[in-house]
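Worksheet: the structure to be examined is printed underneath.
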Amino acid sequence: MDIIRNFPCVSIMLCLFSGILTSGVKEKAAKYINRTLIMTVIVLNALTLYYTLATGSAFVYVMGMFPAPWGNELRAGALEALMATFFGVIMMLSLCGGQKKLFDEVDPAKHNLYYIMTDVMLASLLALVYTNDLFTAYVFVEINTISACGLIMIRQNGRTIEASVRYMIMSLLGSGLLLMGLCILYDLTGHLLMSNIRQSIIEITKHGLYQIPLAIAICIMCVGLAIKSALFPFHAWLPDAYGYSTVSSAAILSSLVSKGYIFLLLKIFYRVIGFNLIRGSHILNMLFIFGLCGMISGSISAIWEKDIRRMIAFSSVAQIGYIYMGFGLGTTEGVVASIFHILAHAATKSLLFISAIGLTDVSGGSRSFFELTGSGYRNKIAGIGFTVGSLSMVGIPVFSGFVSKLLFAEAAVLHPDQKMLPTLIVLAISTILNAIYFMKTVVRIYVPEKASVVRRKGYFSVKPGQQKLYTVTIICFTVLNLFLGMMSEPIIHVIKMGLGNFA
Amino acid sequence: MSQYWILAAILLPIIGGILTPVLPFKKRKQMMFYLETVMLVTSAIVLALVAHGTMEVFHVVRFVRNLSISFKIDGMTMIFGGLVAVLWPLAMLYSFEYMEHESHEKVFFAFYSITYGVTLGIAFASDMLSMYFFYELLTLVTMPLILHTLTREAILATRKYLYYSIGGAAFALIGLIFLIVYGTTCEFEPGGVLDMTKIAGKENTLLLIYMLAFFGFGVKAAIWPLSSWLPQAGVAPTPVTALLHAVAVVKAGVFAIIRLTYYSFGTDFLRGTWVQGVVMAFAMFTIVYGCSRAVKETHIKRRLAYSTVSNLSYVIFGATIMTPLGMVGAVCHLVCHAMMKICSFLCAGAIMHQSDRHYVYELNGMGRKMPVVFGCFTVSALGLMGVPGLAGFISKWNLAKAAVESRNVQAYIGIICLLISALLTAIYMMSIVIRAFFPGKDFDYGPLEGIKDPTWKMCLPLCLFAAGIICLGLFSSPLVRFFGDVAAGLY
Amino acid sequence: MGPNLYANYVEAIAMILFGIGFFTLLLRNNLIKKIIGLNIMDTAIYLFLASKAYIPGRVAPIIVDGVQDVEKYINPIPSGLVLTGIVVSVSVSALMLSITIRLYKRYHTLNLDEISAKLKKEGL
Amino acid sequence: MNQSFMIIITVFFPVIYGAVMLLAPCFKTRSSLIKATAAGLAVTAVFAVLSIFGGGSFELLKLGENLKLYFRIDNLGKMFAAVVSIVWLLAGYFSFEYMKHEKEEKRYFGFYVMVYGILMALCFAGNLVTFYVFYELMTLTTFPLVLHSRTREAVMAGLKYLFYSLCGAYMVLFGIYFLNRYAATLDFTAGGSLDMGLAAGNEGILLTVAFLMILGFGVKAGMFPMHAWLPTAHPVAPAPASAVLSGLIVKMGVLGIVRAIYYVIGTDFIHGTWVQTAWLVLSLITVFMGSMLAYREKVMKKRLAYSTVSQASYILFGLALLEPQAMTGSLLHVVFHAMIKSCLFLSAGAIIYKTGKTNVDDLTGIGKEMPVTIWCYTFASLALIGIPPASGFISKWYLATGSLESGIPYFSWIGPVILLISALLTAGYLLPITIKGFLPGKEYDYGSLKKAEPVKTMLIPLTVLAGLSVILGVFPNPLTGYIADIIGTLF
């Protein structure tokens, strides 16, 4: 049974090696390698999850011979395992869903590059999830950035390149700050392993030393990760990056990359600095306010947006706002809600991106909102997918979005001090805004287009049978959504338990 | 065992509706027969359940922790479920005739019968979450019905409807959360479920939240200033406007408000607080506002829609009196108004369908040509005015009685609002009747040639509803007594 | 404050450099300048680390005549970190540069705003 | 039982009979219609007489708890019923001839029969609810009589009538709502049935209620400020209709006030309160204003209508004094004015029917053309002015003495003064017709003169009514005696 303890490390290594391996082979082989890899990763991490749940505690995996505090460590708890598994699943589905589009948009020579990128991306995500060492985290953040950049610009047109540059710049700023922050931390504590830093920080605070540098460090790290995960004021790069890259990249970026950073931030809060200390500092209020602003402003810009994919991108700005708002509440319920929303949003947003692409394809490839009239009939499965996604985003019961909204609201209600009302009001308002732009689109895609227009513009319609993989993906996503919406109980339980293991 | 009958009652029309476009019907008649059977069977089940009496909660799906989709039968369920079950098959029968010339009617009927199931879901829901669930669902399944004509204004109306309802639901959700946190349970229980020990010191917040939730549900109940979607939604085919925007949807909103006030927050907690003043004031204003807009409106259906706006606020006014009597009045008007308004709407529909005239000033002298329709319309008009011996009088009597009993000065003023609106009602309804029957001395019936009463499919429901109005007016006392028991929490 | 600042002047300088780099990267429109800013920023961090690593009066942790007690050597880890950091920043700069070249080939300018303006014209 | 049952027949036979007449497609020839109507009226009259002598009480059905339809025959009711029957039959008889030159007689007669029943119901009503119910019905059923001619003017007048009456009715309803709470019972009990225990502390609202009820019923009685409909509505109706409108329908308003104030609220409650003062003021204003306007009016029927306004307020003034003498005066005036005013209207009708002249100034020499008619007119006018021994004198005498005895500051002597003035004005606006009619002056050429005496069908009612209005004045004692013991129960 203890062999499972190796799985986290193994899965990371697998990803990296398969990346190297892929670079040598033809693209078809690359595809299979990639798929099998992801499947194995999913399986391994699922086993890890099972193991951690069975033991009910987290375990530490020592890399190399040196024990703490010198060596490097991985740490796997229920929450980490859950995240890893989920990331794997989402990545799998996104790739399958976007595959056809990938063939159309990217020239075949670059395909195995693409797969390399995804492998590396997965590796970095897993590393971010599992690592117990801040500097390792930094390194993988950078790797993550690079691979993400690759994913964006794999589709060679001006937009994507420009987008990737912007993305690059912002995230470099972010990682710079992160690095600076952890250097200061290291300076203060003399450790890089999270658990050790934690202890020495407790020591420091007990004697009341170095309070200002500590605060600065926390602040810098938060800002850095906030920039990388496109929190409200720093989201300028996001719409282009998500809006113009090839669809599976968009799905992966929106649902995984930013979430990886957020998860890292969470670990820093809980495992490095300690949540009580964070709660004491004002950083949370800052995040809270930014989160609220993000929820509103993101939705508003989405309403003004005429390009459907950019619209979805903007909506993820709003959703990230939700997550930070949850952190900002500074209560365990809030954090639980945020983590659940990470999952829910990942499942929903990638579904939205992928179904949106199906809709735009049958509308002469135009992404303009107005061209989409009646596309829900031309490509039924995509229409259904989009509707499901929208309903979940709006927060209709039985869909995942509803549960997370429920959790957020409950956390807000249970919140001791005056953060309650603003949270509730903003929640309600942002729900309305979501309803406005998503429902507008749903209505639009189900208003049949005049036959004459269809003929003139040469729209064609697609049967679900014609693109089996796509159909299957959409169905899987829908099921996933419903699962999160209706069977949320065990997942929330896992999250709570994982948080318990964190400390 | 009979618990599963509830599930059957809810699912049958839904599944039946989903099947409608799929099944290969040779002739239109077959589809009509099929749908009508579904409707009747469902109604039969529902009425049987209602007659069978109250029933314990039973859970179907569990969401989070103690939150679940669950059903039970209590007094309000009996009332609302029974009402819907009675009205729906008739309206269905009517709509067969009406929709004959409309396009893609299969989809229409599909959603029409799905809506039946969802509405029943609202009626049977045993706790806030289940009700919220079906409430949201109702919004979605009625959307295609408003969209049906696919004209530009239909699209705009649909959008507006969606934004308003979902936005309202968002605020309702807040109330729901508070109930989950501060309530002893989520179930509906007469007298409310708030846990007084928990809320100690937080009263004002809770009152504020109640207000938010009230207006959240108030969207569907078309309370000013959230009412403007209702007249606009009149673009939908008349059976929809009649059934949904006079009974199902709007009444669901009112029903929700009653649930919220009497079964969740509890009147003892709310009575005499500032929030009662606020909500009652809004209800009173809406009563007058709706009528005055109706007087100004010349499009028949929109006029009726505005009148619905004001009548819904009668019910809300009754609810906001927050005494058992108030609830009796509210429920009483809920039922009576359903009868009267569906009757008048169906009449309007019949007029449009037969003569394709949509404006009040086009109706001169039609009374001669369509005596049955206009006869029924007159009955409903008199009923809405509150002429004694018809349904409207009874409900207004009960409302006013509650208001007087409550010893609440604001409620006294409310009575005056009721009477003013009754007068305005007289103006906007009678003016139609008079036009129809007394077109003026030298009026030539030439242009009206060929206009005649519709076939039995349309007339039968009309006459039944008219008869219902009169019966309610004359022999209401057992019903009212039952309402009294419900309000007293006996059911 | 004053003596304190003097005591850790290296850190102070590192911070200043970091600031310079940060804002160059953030605010400059010219891509090349941005990349330079990036490198300044990283360098500042290395400086910081290095200065932290060094402890006056000790020697580098290289074994010459037998291992002596821990108090004799400086802390080796920061140096390791610096090395890693350099690797990372080199790779990142490389990537940036490559992208920059692509953009320049397409749009014959290094100014990010002009590039986006041209993109708008392209209407992509 | 059978006696009490007679009440129901009296009430509902004519209603149903009239309804049948309206709906039935028969009556090809005019004579058959006349016969049918005559039969209907006669039978009803018989029933009426029977039930008047029978007395007793009967509970029809409960619309809701203490919403019961309940009939009881007391002396007051008997008196009103008798008056109504007499005038109604005579006017009906008159209209057999008169309606020849109107169209759509079927509708007219149908409603005419119906209203008879409803008036009976009003007289026999045993509690306020019943009274209100039939009060509303009266409004709705007399409405077609008003706009019978269906000219634009008539329709407008009809609407005015409808909305004023409804307005009043709703004021009354408001009152009923409260009395239902604060009165021990809504059944009419001499001296009032207000529950002082409950009323304590709520005098303010109850006084308002009382005032509103006076105002509300006052609408029908044409009391200022709600009198505007009367001069518009009465003249446009066909002459017999306006006769009964002015003669009887107005009296129903009076009856309503009597029932509400003397039989439910009770005189002691409002004695000496601002309500009484306001009431007195309003009635006096009306008396004076009415006669002034009548004096300045040139169209004959309008002039008569205005005179009704003022005369009705004589009655109200008497009631407002809350004092036996004056009350006697009022009730006497009810009877007398009914006879007189219908007589006047009928004669006006006769003139229009024969000569088509409506304006007073055209009537020079009319006395030569139709002497009998004008003689009747003259007697009636003398009676109305109050020249002894004609009837009007008696009632006014009682009113004056009553007001002087009442000892209410100022009003006790202002009242009689105004009554005198208005009597003079009455003379001023009624007599000129007679004078001009008989003494056209020398430049009137007798050549063009042709006898235009109407047929017996018209003359008989005229003469009977004129005769009554004089004879009752000469032998008032049985009537005064009868009224005395009505009043005995009240004070």
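Chains: A, B, C and D, in written order; residue numbering restarts at 1 for each.
We adopt the following convention: a contact is a pair of C-beta atoms (placed from the backbone, for glycine too) under 8 Å apart; a residue touches a chain by one contact, two chains touch by 3 or more.
It should be emphasised that the depicted structure is a prediction, and the values quoted were computed from it without experimental measurement.
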{"item": "Chain B to chain C, fewest steps along touching chains", "value": "2"}
{"item": "Chain closest to the middle [Cα centroid of all protein chains]", "value": "B"}
{"item": "Interchain centroid distance [CA atoms averaged], chain B/chain D, Å", "value": "44"}
{"item": "Chain centre separation in whole Å, for chain C relative to chain A (CA means)", "value": "28"}
{"item": "Centroid distance [mean C-alpha coordinates] between chain D and chain C, Å", "value": "105"}
{"item": "Multi-partner residues of chain B (each touching 2 or more other chains)", "value": "none"}
{"item": "Multi-chain contact sites of chain A, meaning residues that touch two or more partners", "value": "none"}
{"item": "Chain-level touch network, classified as line, ring, star, complete or other", "value": "line"}
{"item": "Which chain pairs touch, all of them", "value": "A-B, A-C, B-D"}
{"item": "Interface residues, chain C side, partner chain A - complex", "value": "18, 21-22, 25-26, 31, 34, 38, 41-42, 45, 48-49, 52, 75, 77-78, 81, 84-85, 88, 91-92, 95-96, 99-100, 102-103, 106-107, 112, 115-116, 118-119, 122, 124"}
{"item": "Complex interface listing, chain A residues touching chain B", "value": "391, 394-398, 403, 405-407, 409-410, 412-414, 420-421, 424, 427-429, 431-432, 435-436, 439-440, 443, 446-448, 485-486, 488-489, 492"}
{"item": "Chain C contact footprint on chain A (complex, rising order)", "value": "135, 138-139, 142, 145-146, 149, 153, 157-159, 161-162, 164-166, 168-169, 172-173, 176-177, 179-180, 183, 186-187, 190, 192, 244"}
{"item": "Contacting residues of chain B [partner chain D, same complex]", "value": "382, 385-389, 393-394, 397-398, 400-401, 403-405, 412, 415-416, 419-420, 422-423, 426-427, 430-431, 434, 438-441, 473-477, 480-481"}
{"item": "Contacting residues of chain B [partner chain A, same complex]", "value": "61-65, 67, 129, 132-133, 136-137, 140, 143-144, 147, 150, 155, 158-159, 162-163, 166-167, 170-171, 173-174, 177-178, 180-182, 205, 208-209, 212"}
